[in-house]
Structure formats: structure tokens, C-alpha cells
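Letters A, B, C, D and E mark the chains as written, and numbering starts fresh at 1 in each.
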Amino acid sequence: MELNVEHISKSFVTSKGERVDALGDVTFTIRDKEFVCIVGPSGCGKTTLLRIIAGLDTPTGGKAELGGKEIVGPSPKMAMIFQEYSLYPWRTVLDNIAFGLEVQGVEKEARYAAARKYLHLVGLDEFETSYPYELSGGMRQRVAVARALAVEPEVLLMDEPFGALDAQTRNAMQTELLEIWEKTRKIVIFVTHSVDEAVFLSDRIFVLSTRPSNIREIVDVPLPRPRDRTSVEFAQVRRYVLALIQNTGESSQ
Amino acid sequence: MELNVEHISKSFVTSKGERVDALGDVTFTIRDKEFVCIVGPSGCGKTTLLRIIAGLDTPTGGKAELGGKEIVGPSPKMAMIFQEYSLYPWRTVLDNIAFGLEVQGVEKEARYAAARKYLHLVGLDEFETSYPYELSGGMRQRVAVARALAVEPEVLLMDEPFGALDAQTRNAMQTELLEIWEKTRKIVIFVTHSVDEAVFLSDRIFVLSTRPSNIREIVDVPLPRPRDRTSVEFAQVRRYVLALIQNTGESSQ
Amino acid sequence: TGEQPSTGGEATVDVIYSATGPMPMLLSTDQIDGYMAWQPFVAVATVSGIGKVVSYSQDMPPAGMWTDHTCCAFAARTDIMQERSDLVNALSALTIAANDYIKQNPDKAAELSADWLYGKDDMTFGNVTVNSVNVLKASIPTLKFTSDPSEAWIQSNDNFVVSLRELGYITGSLKDADPATVNSELFDFGPYEQAKAMLANGSITTPANAGTIALGYLPSDHHAALFVAVKDWQYFNDTYGIALKPASEGSGAVDTADLIVNGEKVATVKLVKGEGGSQLMTLAAQDTIQFAFVGTPPAITAIDKGTPIKILHPLQTEGSGLVVSADAPANDWQSFIAWAKQRAAEGKPLKIASPPKGSIQDVQLRAALGDSNVVVNEAQ
Amino acid sequence: MRKYLKIVLPIILIFGWETVAILLNNPFILPRIEAVVAVLLEPTKNILGSGSLLEGAGLSLYRVLLGFLTAAAVAIPLGILMGRYPTVQDLADSVIQLLRPIPPLAWLPVALAWFKIGLTSIVFIIFIGAFFPILLNTVAGVKGVNRTWLETATVYGASERQIMTKVVLPAAAPTIWTGLRVSLGIAWQCVVAAEMLPGTTSGLGYMIMAAYNLGQMQVIIAGMIVIGFISLVLDALFREVEVRMFVWQGRYQ
Amino acid sequence: MRKYLKIVLPIILIFGWETVAILLNNPFILPRIEAVVAVLLEPTKNILGSGSLLEGAGLSLYRVLLGFLTAAAVAIPLGILMGRYPTVQDLADSVIQLLRPIPPLAWLPVALAWFKIGLTSIVFIIFIGAFFPILLNTVAGVKGVNRTWLETATVYGASERQIMTKVVLPAAAPTIWTGLRVSLGIAWQCVVAAEMLPGTTSGLGYMIMAAYNLGQMQVIIAGMIVIGFISLVLDALFREVEVRMFVWQGRYQ
């Protein structure tokens, strides 16, 4: 299954009545089972792009297609993990993971069985009956990942999921995510501010320009996994992408 | 002026009555005009250490000395920039920068003159009468830096000041901070989760162990400034510190 | 709340305690079948056509018992009576003079009372709008304005003491007292005698300055003596040399007046409008007011509880009535009782509203119904 | 230590009261504490022909709860609709804003005209008092539901009904509960006004007003104490339930 | 569009009212709108000897403001002390919790006994109603002051007085202001109770109760409308000031 984004543009009208052009003209194709990272300056429209793909927003122009069919609204084929924590604090970990299935009308037994499977996958078996507040930030994002995986989507959209974690936890989560991805193999679109993270994770890195943004360059990461952050090749790709970004952002504010 | 930390330990009693040993036994000396970074796993006691140096907390054991005199409470010789945003939202940028001087009883004219000087230093002249909510995250932290510099302290304590910024803004802020430091030359103790940042900024990096923590190792960064993040020497130091940290944290949660 | 079913074969009536204000509305919306109230609420019913009078209070059974029955009186705290008898006598004299004025000029008294109570405004009762002056012109003649503490009047008070005892409202010093003790506890006619004498002489003795004093009253034409004395103060000043001159002109109630005797200001009098007699008695007990125009039953219960006041002399007698809706099958007490029995037999006992427990109206209604072998139920 | 502090002021007040009462020696202004305690100690004794303190408290409690529950039954659904659909909010807002400030006492005549003599009128007055705090809190709660939680549900394909029951309601529940708690207190404040209605000869509010008319200060104060006490107990119950029901907020330890 | 919606319901209600009034044809239950409008259209006409609507509104406004300002003058300083010093809070808390739920109406006899007939008693009743919301909001506001703001001030060597005036007060101001706004509404709710005090012969509350005692529905409804309207205007004023005074919150655009 392929994901096509064709000439997507998006403008907002703010409450003051001003027009903000977020996305200028974005076109790309993501291949089946591909892991793609999107990087770009803050406010360039990364979240907006993911939301359009998820069917939460409609583009001002252009269209997104999944498997040849235009995306017109949320669909069970796609799951999104938001930039902020989005677990339901009043549900236990297991009930959070089962949420998507519950909404789809899956029977209690079946959905708990599925939820337990993904709970195990993210290594949190013993926290089944805990509430989100009892988990650390990293564990929470793992639960969000499990919840997304549980509905077995074709596409996984992740908006800076590890942004709020400390360096160490973040590294560990990246490794885990790759393991899960290797086991389940779906399209992953992963937004991040960390070039390091992008190089570590993805098959290709999409670098966005400033607003109104479009794809500035698509960088292939030809390194075999698991990747060594301290290797010279890693540093080369990193340096290249960093340089790209540095040139992109005219202003640092 | 030297800063000595001698056998400092700190334990908390939580609301449940349990004892948490945050700092085990920390000893180090910071030389005059030195820029030091502290890195270590989340919750290991970095903030606690800074607070003790700032005189906001008293250690359970040991002592901290500045210029040979024991620190017993807040002193005008030290300024701290907190992990969270700490600007006063009801004050304009200029009034925020002037806050420390106002508290010290400096005349209106004199304190505004000084505040304008540091406002210029952090490059925000045109935002003199703006309120904090009108600034981006990066600009806010620059105001906090200006406020701290305005009281002309001997020691500047910075607790993860750029944690909430995106990569680009963060890089720009680091460069700026170094420029300011080079102009004013005081002791800077800078806490960060980003090894990249630590290597880019500091003369020495103090790596803390997990709780109850002490200094695991002190890493010298012998590179000349301005440093090139993409250089091989940079990558070497980075790799070394990362490895140290990876071994330190037994658990990733 | 809710009605209790009538018990056995006995005729019952449900009594509903209520403020007087909503009574016409309750009657015309069929929430009650009738009400027992003081004037001018009886006149309100007849003038507006909402209801008709079954019986004025003096005509209610047992026969003859309520003729000239006690109603409102002038009362004062005992300490001021001892310390400032000159002032008490002067106020008594003004009250007596005002009562004479009302008897001689009932229409003028109605107008002044309507001014005080309603600003001479129109009043709306459902679809009918009536002028308050007309209501009072109908009401004032049904009252007997008298200041004379006659034997019959004293007897009537004693009757009330008995009734209040039976109802359990007297629990203090008057509970087991003999009639003579009761009378000496309740009354002091000294000021009345002195006042009469001064009026007969044609000159009021000027009391020493008394600063500020307070007099409580109720918004009812039973207290018309106060209204005419203040509203037509010039007349009293010219005729008797005593007057309550209002601090400000204008229609409606007056809350401050100067007591002027022989052209000299003797006291500032605060005129305190209360909501009910018992409330005024509480104010008197707190020494918030020193004088009160008040129904004698609340005064009796207050004295029973140790409030240091005495009843000086009556203001008026009679002045209440039982009203039913205009289309009710009752025109007098007899037919009313027949109706009550019929309704009780149908399992829908009559609902009659009455002012609070222990009021004159409550006591009379209960006594009259009891005399006619009708059992009173309290709606809860 | 802190526990002792809490009873210092009450003790001072009680001593002060008794001293002033003895000096004044006028039970119509300030009765002796013994007189009040005597009333409180005989809760089953008939007072002034308006029933016993216990009966009065029971009856008032019944009326308050009835008015309160009716208010909740109307205000919560309406509040949810207003919070979720701006159209409903716009429709209802002006009327609500106009009605809100009208004192419960002013509704007496209206209650009597519309609901006739009897329980309904009493309940209506209490309803009026309790209604608006519940409504406003429900609206605030529903409006405050995290947008990400709603969008997560949308992404998983939840229907409007599922979003309501599985997201909006549980998320707004704590705020609604606070509204209920505040409003129960206000419902108690209305009981005196409500029991001033014709045909009422029982209940704490009636007892207070009857005692007022008869100058029985000790009964008034006893009644006030009982109302204060019942409110305190109800409030404690609400807090207790809150702690149990909303553990997931992670606020209570 | 949204503006039109806001007047739809009022218009429907007015038509509904008039229709029902005509059908019922019982002005006791629902007077025709004309009857009420007739009262409102002659605001300077003396009504039932209790002054004109305009005079009554003016007098009640005066009393409400007096009670409200007195409450603010006591509650704000006390609230600040309670919020900042746990000792004061512990001292005062139990008494406040007990007094808070007691209805303003129940205070009538006490007001009369203590403050005698006159303005003071009336103001006291309004004071009682207005006091607690201001107090509770002030305490909450002061307790909610960001710890970092306080510690920043400490680091810069601010004295307790400077912390109070330069940090605590401005930071708590928005919450205190909300308390004032809520409490002014409640003060209006108490005016009817307050003007039931003996010796009162004027004011909107008195007019309503007098009309109740004379069975004059149209006056009651007119009085209710005027109270509702004045409250609305006062509330709008408070909001206006809020928007101007607290721009720095960045909430209003």
C-alpha cells in the first residue's frame, strides 16, 4: 500500500482574520512498509501535514491518497500518535490500549486479548491496571504506541512522540520502536525536531522548508539497522541534514 | 572566585513519609570564569544541586562555598535561571529584566539603563514593552538570561534553560549564550539533558550517576570555541559522554 | 407537605399558614378556598371582586364572644415608662387624639392610610385593578378605633390568654397565673389616664428631650392612628400642640419623624415597619424599639416569655374577617360550616389560609371552627 | 501542632461569646451558650410547635436533596449540550445570564403561582439556587476537554455518541463534580428562603424564621449550627467520593 | 449568525410568555408582558409607596456596593494572609468552614441584634454573602502562585514585603478578581434578604418583598428584571476591566 501526497497546500485564517499559509505545495510518495521522518523548522506545518493525512483536517488544495483512494476523513487504516500526551487519564493502561478496538465494537474478551499482546510488545505487562499518572513520560508514550498498534493500522503517524523525554529514555524508546516496526511492518511517518533521531530511525528523511513550506529535500539514509550513532557514516548523514536545516531557517526566532 | 562543593548530600522525606536520597556525596571545584555543564539521568538530583548552590535549599550534609565563604542563603552574587519559564507575565520585558535591580533598590533611571544594556545584549531591543506572552519560547529564555545578567552576578546557574526549544532555536541560543559569556565572563553552571549541548558549550562536563548520585566522571572538553558540531573531535567527545551515560542508567524508565 | 385525609366522619378544615400578601392570589387560583386575614385584605377581596366576606371577626362564633374583640394596642418598654413617663404620656395623648381624628374623618383617614401604605397607588389583583384609596375607604369603617381600655376589652384580652393557653402558646409566667396577676402583668393604664387628663386640660406637658427613640408598627390600617398623626401633623400641632413631623415630605411610608410638643422638638422618632407582631416584640426585647403598635396576642406571648413591656391602651378593636371566593356556596357562618362539612364528606376538606400561629386570626378561626364542631388540620 | 491551631480560634470564640453573653445579659441579643447547647442536646424535642430539630433537619435535607437532584438532572445534560455545541450555547446564553443573578427569594411569588402550595414550590426555590453553579461548571468542564483526547477518539473512528460517553463525560466529570459540590452548599443556603413559602410549618429554615418572629435567639443559633454542620458533612462526603472516583487525576495520595 | 442566535431564545420566550399569558388569562399566574413593561417604562414613578424603581435601584446598588466593598476590604487581606501563612490558615479555617454554609437569611436576627435597625444591618447581610467567595478565591489565588516566581524573587534577594507586593499580589490578582466578580453577583442575591430587615422602606429588594406582601406580581417581575439587568451590567464592567488589567495573561485578543 502506498501513500501519495499530491500538491497539498493549507492556509489558516487566524482569529484576527489574518491568513497564514502553512503548507505551500507538498508532494511526495511513501512506499509500502517504509519508515519516513519529517524534519523542519518549528511552525512550518509538520503537524498540519500529519493531520491532513490522518483525515483530521482538509487541505486547502491538493489531495492525499492511501492505496489509491483519496483520504476524506479519519479511517481505521490509520492511527496517529499526537505531539502531546493523549492517553485517557481515567482509563487504566489496558483500557487505554483497548480503546480503539472498543470503539470499533470488538468484544470485550477479544479486545483485551489483543490489548495484552501489544502491552507485552511494549514491555509494560506489569502495568496493566495502572493509571497513566502512575507512569513516567516514556512509559506513557509506549502505551500510546501500543494503543495505535492495537487497531492494526496500515499507517502509523507519529508527531514528535518522544519530544518530552530525556535523552536516555528517548534512545531506548527509539530502539524499541524499531523493534516493533520490524515485527509489524507498516508505513510510519515520524515527525521530529531531532536530526539524530531522524537519522537513527528512518529510511528517508523529508526536510521541510520554512512557511509556506514544501519539501526542500529528501535524504536517503542507506545505513543498515541497528545503527550506531557514533559511527562515521551516521555522523556524515547527520552533518548533511543539519547543514540543510541550518540553511533553511533564515530566522532563529 | 572559586566555587567549592564539599561532600554535599541531600535526602528528602516525601509526603508519604518515605526517604529519598537524591544526592549521595558530591564534591567538586569550579574555577573562576569557568563554564561547566552537568548531565545525568532524569531525577538524579541536578536541580537539587543547583538549588543548594543557589542557597534555596540546605544540604543534608556537606557544604558549598563561594570564594571561600559558605553559602547559607540566596545572595546577590548568584543568579539562577530555572528549568521552567520564570518570567513575571504581568511585567513587560524591560520590567522583567529590571526586576533584580528593583529589588535591590536601584533607582528607576539607573535600573532601566542597565536593563536596556542587557536587553540589547540578548538582541531583543524592539520588544522592550512587550509582555512575555507575546514572545516565543526562545525569546523568553533570552529575557530570563538578561534578567540574570543584569544583577551582574559572579555565578550564573542555569537549569536546562533551552529544554523546551526546538533544535534550531536552541542552537542559536547556545551560540548567543557563549557570546554573552565571553563578554561578561562569570562562572556558569549549566544543566542539560543534551550531550550535544554540553559538548558545544562547556569547559568541563560533570556526569552524575543515578540516585543517590555523585560525580561519576568529569570530562574535559579541550576544543577551541566556536566549536563545529560536525567535526570529528566533537563527535569523539560526544561519543565518550554518551557511552558514559548509557552505562550509568541501568533502567530506561 | 400535602394534605392529610380527613379523619373518620368528623368534618375537618385544613389551615394553611401564610403571609397575607399572597392570599388573594392563592384564593383566585383555587389553591385555597378562603382566608382569614386582617384588614385591608378583607376589603381587597370585596373591592376587587375576588371574594366575599363570610363573617367579620366580631361576628364569628361562639356568639357574642368576639364583640369588640381586642386587636392592636399601644405598648411600651417598662424601663422607658419608669424613666420617661412624660414622654410615654405625650405619645399616648397623640395616639388618643389621632383615634378621635379617624372617627371624625374616616374618608380622610382612609386617604392618608392609603398614602402611607400604598402611596395611593393602584393595585392589581389578577384582571382587576383597584385604587388603594377605595380599598381603604371600604376597610376603615369596618374597624372600631378606640383608645378606651374598657372592661369588655380587658375581658377580651383575658379570653385570648385562655385560648392561647389552650393552644399551648403560653408556657411562661402567665401559664398558671390567676386573672388578677395576669392583668397586672399585662397592663398599665397609668399613661392612658394621664394622657386623657392632659387632653381634657387642653395642654400637653412638654417632656424633656429624649434624643432618638423608635416606634414599631405594622403595614396595616389597624395602625391608622400613626399614619394620620404623621401625615396630617400640622393639624395635630395646631389643635393639640403635639405632632410627629415627618423628616421628609412625599408619598409612602415615613421612617423618621420629629416629636414636637408645644413647638419644641422633643425627640427624633424612628418609625420601624415590621413584618408581624411577634417580630416587633423581639425588637422590643432587644431594646431596638421602645414603643410598639402591635396586636395584643403577640404582646401577651412576649410578656409571658419575660419581655419587659406593658400594654397601655387599645388602638382599635375588631378588623379581621373570613373571606371565601366569590362563587363559593357560603354567605354566612352557617352556610360556610355546611359547605365545610360537605367538602369534608367528599374527602376534599376546605383549605383556609391564616396568618401565623398564635395570631388573632388564627386563634379566632380555630375557636370558631371548634365551636362548630369542625376539626382543624394543619397543612404541613 | 497544626491540629491544635485549628481549635484555638473556635475556643477563643466560644469563650468570647460566653463572656459577652454574661456581660450583656440579654438573651434576645446574645443567648448564653448553655441555652443553645440545651436546644442542640434535645434534638427530638418539639420546638415552638414546628417539630423537633431532628425532624426539621430530616425534612430540610429531603427538600434540599430533591431540589439539588432535580437541578443536577436538568443542568448536567443542558450543560453538556451547551459545552459541546456552540449553537446551543449561543441559544441559551442570554437567558441564562439574565436569570442567574435573580435572588431565590424573589422567585417565591413565582413559585407559588406556578407550582402551587406544596413540596413542588419549595423544591423549585432550591432548584433555582442549585441550578446555575452546576450548569456553569458543566459547560466549563465540557469546553475544557482536551482537544487531543477528542481528536484521538475521532482518529479511532468513534461516533458522536461514543465520544460523548467515552471521552467528554469522563473528562468533564471532575469539573461537574465540583459544580455539584458547590451547588449543594448553595442549595442549603436556599432552604430558609424556600421554607418561607405559605403552607410550610416545618424544616430547619422554617424553624429559624419562626424562632426569629418569636425572638428565640437560642433556637436560631442552634438552627444555624445544624445547617452549618450538615453542610460540612455533605461537603466531606462529596470530597470523599471525589478522592475515590477521581484517583486517576493523580492528585490525591 | 451567532449574534442572531443569541436573541432567538429571548424572543421565543417573550412570545411564549405573551401567548401563554393570553391563553391562561390569569394575570396572577402570569401577568401580560404589557403590565410588566408598563412598570419598567415609568422608572421614576413611585410604586406602592416604596419609592420609584430608579430610586430603589440606586439605593440597593449603594447598599450592595457598600457590603461588597467592606467584604473585599476584609476578605482580601485575610485571604492573602491565609494563603501565604499556613498558621493563619489553620487558625481561621475551622470557623470559616462552619460559617460559610449558613444562609444570609439566617443571619437576619443576628444582624438586627448586633447592628440594630439601619444601614449597618443591611450592609452586614450583604457582607456575609459577598465575603466567602472573595476569601476562598484569594486564598486559592495566593496558594496557586507559581513556586518558581516566588523562588526567583528570593534568589534576587527580595524581602517578604517585596515578595508580597511585587510577586504574590500581581500573580494572584486575576484569581482575586474572579472572586470579586462572583461575589458581586452573590451580593445582589442577598439584597432581597437584607432589605427584609425591619425598618427598611426602600430599595429593590424591599420593593419585591412589599409587592409580594401585597400580591403585586407585575412589580415583582419588574423588580427581578431590574436586578438581573444591573447584575449583567456590573458583570460586563468587571469583565471589561479584567480584559484591560490582565492583558498580560495573553488570553484576550
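Please note the rule applied: contacts are C-beta pairs under 8 Å (C-beta built on N, C-alpha and C of every residue); 3 or more make two chains touch, one makes a residue touch a chain.
Molecules present, by chain and UniProt name: A, B = Molybdate/tungstate import ATP-binding protein WtpC; D, E = ABC-type transporter, integral membrane subunit.
These numbers were taken from a predicted model, which means no experiment stands behind them.
Colleague: Quickly list, by label, the chains bordering both subunit C and subunit D.
Modeller: Of all the chains present, those in contact with both subunit C and subunit D are E.
Colleague: Sort the chain pairs by how many C-beta pairs are in contact and tell me the top one.
Modeller: That would be the chain pair D-E.
Colleague: I'd like the Å distance between the centres of subunit A and subunit E, where a centre is the mean of that chain's Cα atoms.
Modeller: 51
Colleague: Between subunit D and subunit E, what's the gap in Å when you average each chain's C-alpha atoms?
Modeller: Each chain reduced to its C-alpha mean, subunit D and subunit E end up 18 Å apart.
Colleague: Just the number, please: Cα centre separation of subunit B and subunit E in whole Å.
Modeller: From the centre of subunit B to the centre of subunit E is 48 Å.
Colleague: Would you please write down the residue numbers of subunit C that are in contact with two or more other chains?
Modeller: Within subunit C, residues 19, 22, 25, 29, 275, 279, 282, 286 contact more than one other chain.
Colleague: Two or more other chains in contact with one residue: find those residues in subunit E.
Modeller: 28-29, 109, 113, 196, 212, 215, 217
Colleague: What pairs of chains are touching here?
Modeller: Applying the touch criterion to every chain pair yields A-B, A-D, B-E, C-D, C-E, D-E.
Colleague: State the interface residues of subunit A toward subunit B in the complex, per the touch definition above.
Modeller: It is residues 41-42, 136, 138-139, 166-169, 171-173, 193-196, 229-230, 232, 235, 238-239, 242-243, 245-246, 249, 252-253 of subunit A that touch subunit B.
Colleague: Within their complex, state which residues of subunit E touch subunit C.
Modeller: Those residues of subunit E that touch subunit C are 25-29, 31, 35, 46-51, 109, 112-113, 116-117, 196, 198-201, 210, 212-218.
Colleague: Given the complex with subunit E, which residues does subunit D contribute to the contact?
Modeller: Result: residues 2, 5-10, 13, 28-30, 86-87, 90-95, 97-110, 113-114, 185, 188-193, 196, 205, 208-209, 211-212, 217, 220-221, 223-225, 227-229, 231-232, 235 of subunit D touch subunit E.
Colleague: In their shared complex, at which residues does subunit A touch subunit D?
Modeller: Against subunit D, subunit A makes touches at 54-56, 74-76, 78-80, 82, 84-86, 88-91, 99-100, 102-104, 131-134, 151.
Colleague: Sort out for me which residues of subunit C touch subunit E in the complex.
Modeller: That would be residues 19-25, 28-29, 44, 115-121, 123-127, 214, 216, 219, 250-253, 255, 270, 272-275, 279-280, 282-283, 286, 288-289 of subunit C.
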